[in-house]
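Presented sequentially are two complexes of chain A, the first with chain B as partner and the second with chain C.
Right, the complex of A and B next:
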């Protein structure tokens, strides 16, 4: 068995030794370097750019503004074509690229930036979603042009004349009546801050234009959508645009869809630059829940507002998904959900690991504990009573719940020793969540090439960004083909060579690409058996392949001998192809959910009442993976996700004042480090082999980010009686809440 | 990105001073660069010349005089102090503080002199060393002076050093016998929000002297003499009752500001919390051995 083992990562050695190569390591002959002059203010009308001094600076080849770019379309974006490659007429956020300098070296390009003279007139800035929704707020994008790239985005509902670029609404049941008849109604507002992805590798792209068209090397999670975007920007056929993705040094959603590629490509040829361009949405959730005194959930009203910044990017889809997932993994007869994605003059926000789930789960799982407390119910039992059972529908028409959440919850409770009483100042809390995993109506294709020596080349468009997709996909191919893992080489995505893939996001690669790889390997295996059967003079069904050897009873032949024997020792190969196309078309997201990614978590905390400091003594993260292809990688993904989510739970946030980021850089914007590890961190993998992916697998990698914040907040509430509704739960915030609570009790 | 500059590597303090005098505002001492280079990368400051004092022979190193005074060369790294056997034995509180400065990469290249002279308010060493009435030796071509460490700090990122002066040595007298000391810090970002150092000298069950220093919360680290006076002469039991008042006095005197590291009133509260905790630790370690 190769599946389910803790096989060593295929890229472990090259990464640990530093041999791994990323886009910024790439040197293309005659390569030039670009640097960008960024807007110093959040909102302004551009009056003019004087680049003449910069143009005379040593080594400078070109100084470009929006109007200098040789493009057919200046604007791009996966939902709306609202984002200019360089700011045109209007500056919409502080840090927006306005002028690009191309020079022989990065240093010369950077030096020339100081010589650029830009004149502009400041406009009133919209610095929060609340300001953007207020009466009389400046409308940042009066007209919107739909991109039409993704089927689920064809139904976007921007609200004309406002800053709302998507308003998702869903309702069912008689919500008003449910609230009128409820024994208890709880209503609260929760806030989740804006975050930066802070992948180790910054954004970087290298572009080359020649007679054959355009080639771009870039660290994107979406090579094929980037190809489509570039084809539209330059009005080229898809085949004339080549997007190549080497290893990526972390992404977390920050490298989804098109980012700096059009700029690199538009700066004519052979250009290189790097930049930080995207954030996680700051979200405010107003949540109102109606419940019977026995703990039966009756209705929920969710009002979710996302600050998407100056350009929509994929924000509208994040809003839709956040709204869709806001009620939580429960059986709730009546729902009314509104999710609005709002333009502001902040840095654009986009995809970030979990796609809205961490934000809405912060609200819904906090409130679940508040309800349990008000009703005097055990939070675990209260959740269990309402969790969807296997086979139950979340929303009519969508895929029914495919996992055993009650079992996952029980395992969560057991791992944290839920029933044990804790000493003063200590508490345990838990949370559960799910998201529709795998992406909505997404396609993957894979090719397996069995070479004449028995080695195997696996061609996929899946991007290795640290998550271990190469290893998992190689394991699936090796297991299906019957060859050793060491026989497989996985190629990097190259849109001109590797077959089509939607992208590496939504925890989809192991499941969706995995199915394509499995199909391709099965196709190749069938061909190999056909060929081998001729040599053995038997039927293919009588043969087996194991560890690279085809066996017919006692007689054996290596896979390499079969291939080379067939082609007469001169070479040749057997090529298998596999495609995954989703079959059903239903559900309110425009396609049925492939699988439900269930993530649960439990925290034990100690609170220092003097300082307000929360110390996480233990955190348990539970992931339903169906079947682990590589148990070690699954656990690593889940641990990494949980650690990443502990950041905004305790200390991480983008702090802005009047549209300016006041904590840039990793000194003042703190991400979790090893010092922030809980005293104990445990991952529980649920493996019921009930997923749609190869060998019963489900996607993993985002679920660990859902629950840390609410689990910790619930533990803090149980330890201290204090409920925090705004993240991060900094020591000062906890201290103030404790002080206010003491004041209230005394008063 | 880091702009271009010339790296000058003098072989003596006099030569360094001469280079600094020649280039004025265009030059700056490089003594590890863990703060300086970050600020230069961000484009906040720019120099045409960096004068590396780390390679000047004799400027790094630790020794202890016969009278027990610790003498630390200005270019001694945090890591060297953290690991130095003499410091660990005679001044364990300094070794402990140094072992918790930033991260191991900073401690390896960053120097004590560099840390003090950059005068970033959210730093640990200055606050703790003040407890010892440490002095610093400052040299320039053709002259030298020694000043109390307290006088070095003028404001955030500002010291009383003249452009051509180099901090060459930090002199740390030992605490009196029957003394204990502790340094505690608190924060949630990379740099601390509050740092409090306390040294207590006991005499027959009484607090003969209490020394208190507070850093990070205000523009410069400083001794809190009014709070110290409130504790002096008390029995251990009395002093515990006075701690809250001493904490309030120190908090008021700390000039706390509101910033990313916390609101002023929260930092003032933390000064009191850390003062109490550090005092208890210092008192507990003032066991008569004389080793703080």
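Right, the complex of A and C next:
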């Protein structure tokens, strides 16, 4: 059995010896380097660029503005073609690339940047979603051009003449009546800050243009969508654009879709350390819930506003998904949801691990505890009463709940020792959430090549960004084919060689690509058995393959001998192909949910009443993975996700003032370090083999980010009686809340 | 352009190099010597991805000038394994799943070499304190902590070649 074991990662040795190669390690002959001059103001009209002094600077090969780029289309974007490769006429955020300098070395390019003169006239800036929605706000994109790249984005609803680039609405039931008849109504506004991914490897792309077309090496999570975008920018056939993705040094959504590739390609040079910042959306959620005194949820109204910054990127989809997921994993008869994605003059925000779920879960799971407290109910029992049961529909027409959430909640409670009373200043809290996993209507294809020596080449478009997809996919292929894991070599995505894949996001690789790999391996296995049957003079059904050996009763032959024997040479190979195309196209998202990614969490905290400091003594993260393909890596994914989300719970956020990002780099932007590791960090994997993926697996990797913030806030509330509604819960914020609570009590 | 000629021992091998005075150690290692194991991430001495050992002390190669290595020894991740045999710290990282994207790993491992050189059997809190300058965005640190503690036990049981 190869599935379910903690097999060593295929890339572990190269990574601990320093032999692993990333895009930023790539050296292409005659490579040049580019640096960009970035806008110093959030909103302005460009009047002119004087690059003549920069052009005369040592080593400089070219100084380019938007009009100098040899492209057919200047604008790109996965939802709307609203983002220019370099700012054209208008600057829409501070930090936007305006001029690019290409030189023989990075140092020369950087030195020349200081010699560029740009003149511009400042325009009034829209620095928050609230300002963008206000009457009379400047409209940042008066006309929008849909990209038409993704099926689920064909139904986007921008609101003409405003800054709203997507308005998702859903309702069911008689919401007004439910509120009128409720025993209790709770309403609050919650805020989740904007975040930076800060993957350790910065965005990096290398491009080469030659007679055959365009080749780009880049650390993207979406090689095939990038190829399509580049084909449109340069008006080339897809086959003339080659996108190659080596190992990536972390991504977390920050490397989704097209980022710096068009600029790199347009400059046909290397862009290094371009801190092209794409962030998690700052979100404000207004949430109102109606409940009966016995704890039955009756209705929820959710109003979600996302600040997507100057360009939409994938914000419209994040808004849709955030809206879809805002009510939480519960049975709620009446719903009214609005989610709006709003343009501002802030840095563009895009995909970030969890895709809106951490933000809406912050609101909904905080409010669940507030309701439980008001009704005098135990928060765990209150949730359990309302959780969707297996087979129950979340939204009519979408895939019913496919897991056992009550069991997951019970395990969460057990792991944190829920029932035990805590001393003063200590508290436990929990939260639960789910997300439609696997992406909406996405396709994957895989090829398995069985070579004449029995080794196997696995071709997929899944990007290895640290999550261990190569290892998991190799395990699936090895198990299905009947060869040892060591026989498998997984190739890096290369759009000219590896078959089509939608992209590496939405926790989809193990499930969706996994199914394609399983199908390809089955195809190859079937062919091998046919060939072997001829040698044994029997039927394929009578044969078995195990550990690279085909057996017919007592007689055996290696897989390699079957292939080379058939071709009569040492050459030749057996090729298996597999494709996954989703079947049902129902559901309010334009495609049925593939699986529900369930994530729960519980925290035990100690709050220092004098300083407001929260210390997380223990955090338990619970993930329903269906069946772990690689148990160690599943748990590791979940742990890493939880730790990442402890950052914005306690201290991490992007701070902007008047449209200027105050903490762009790691010096000022605080991410979790070793010192923030809770005394105990535990992961519980739930394996009921009930997922749609190979061997009953479900996707994993995002669920751990859903619950830390509300679980910690709920624990703080139970420890101190103080409810925090804005993140991060810095000592200052907690201390002020404690002081205010004391004040009220005295008064 | 000012340049300095110097002798420096890199992973046990003496090298004679002429480097411009503004060249950083990370540029020297990666671009001049082709040692791509050490990574450049923040470039401002806060992430630890570029950690190498300079006379056995951990330094951020992004903010050390190459000529500061004059007459000293530099040890990088490439100089750790003995042929195919992993150093016990590397082996512990592999076994504990202490890496995901691997971009922080060379720096993390070199910082661990320094830690265990100074303090062969650190406590949990000592590890957390010593390693706080090495950022990992993927793993959540717990497995790295486990790997470091395990490596310290292994090395105590069978002292590795220095």
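Quick note on the criterion: the second predicted complex is superposed on the first by the 740 of 747 C-alpha atoms of A that agree within 3 Å, B and C clash if a C-alpha of one lies under 4 Å from a C-alpha of the other, contacts with A are read in each partner's own complex, and residues count from 1 in each chain.
By definition in this document, a contact is a pair of C-beta atoms (placed from the backbone, for glycine too) under 8 Å apart; a residue touches a chain by one contact, two chains touch by 3 or more.
What you see is a predicted model; the values in this text were computed from it and never measured.
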Which of chain B and chain C A:154 touches, first, second, both or neither: neither
Touching partner for A:293 - first (chain B), second (chain C), both, neither: neither
In the superposition, chain B vs chain C on chain A residues touched: C
Partner chain in contact with A:666 - chain B first, chain C second, else both or neither: both
Contacts of A:20 with chain B and chain C, given as first, second, both or neither: second
Which of chain B and chain C A:119 touches, first, second, both or neither: neither
Contacts of A:486 with chain B and chain C, given as first, second, both or neither: neither
On chain A, positions contacted by chain B and by chain C: 665-667
Footprint of chain A on chain B - complex, ascending: 1, 3-4, 38, 42, 186, 188-191, 260, 262-263, 266, 269-270, 273
Residue ranges of chain C touching chain A (in the complex, touch as defined): 35-44, 46-47, 49, 76-78, 80-81, 86, 90, 93-95, 97, 99-106, 109, 127-129, 131-145
Touching residues on chain A, where the partner in the complex is chain C: 6, 8-9, 11-22, 24-25, 197-202, 247-252, 273, 465-468, 632-633, 636-637, 639-644, 665-667, 671-675, 677, 681
Of chain A, residues touching chain B in the complex: 106-107, 110-111, 610-611, 613, 650-651, 655, 662-663, 665-668, 670, 730-732, 735-736
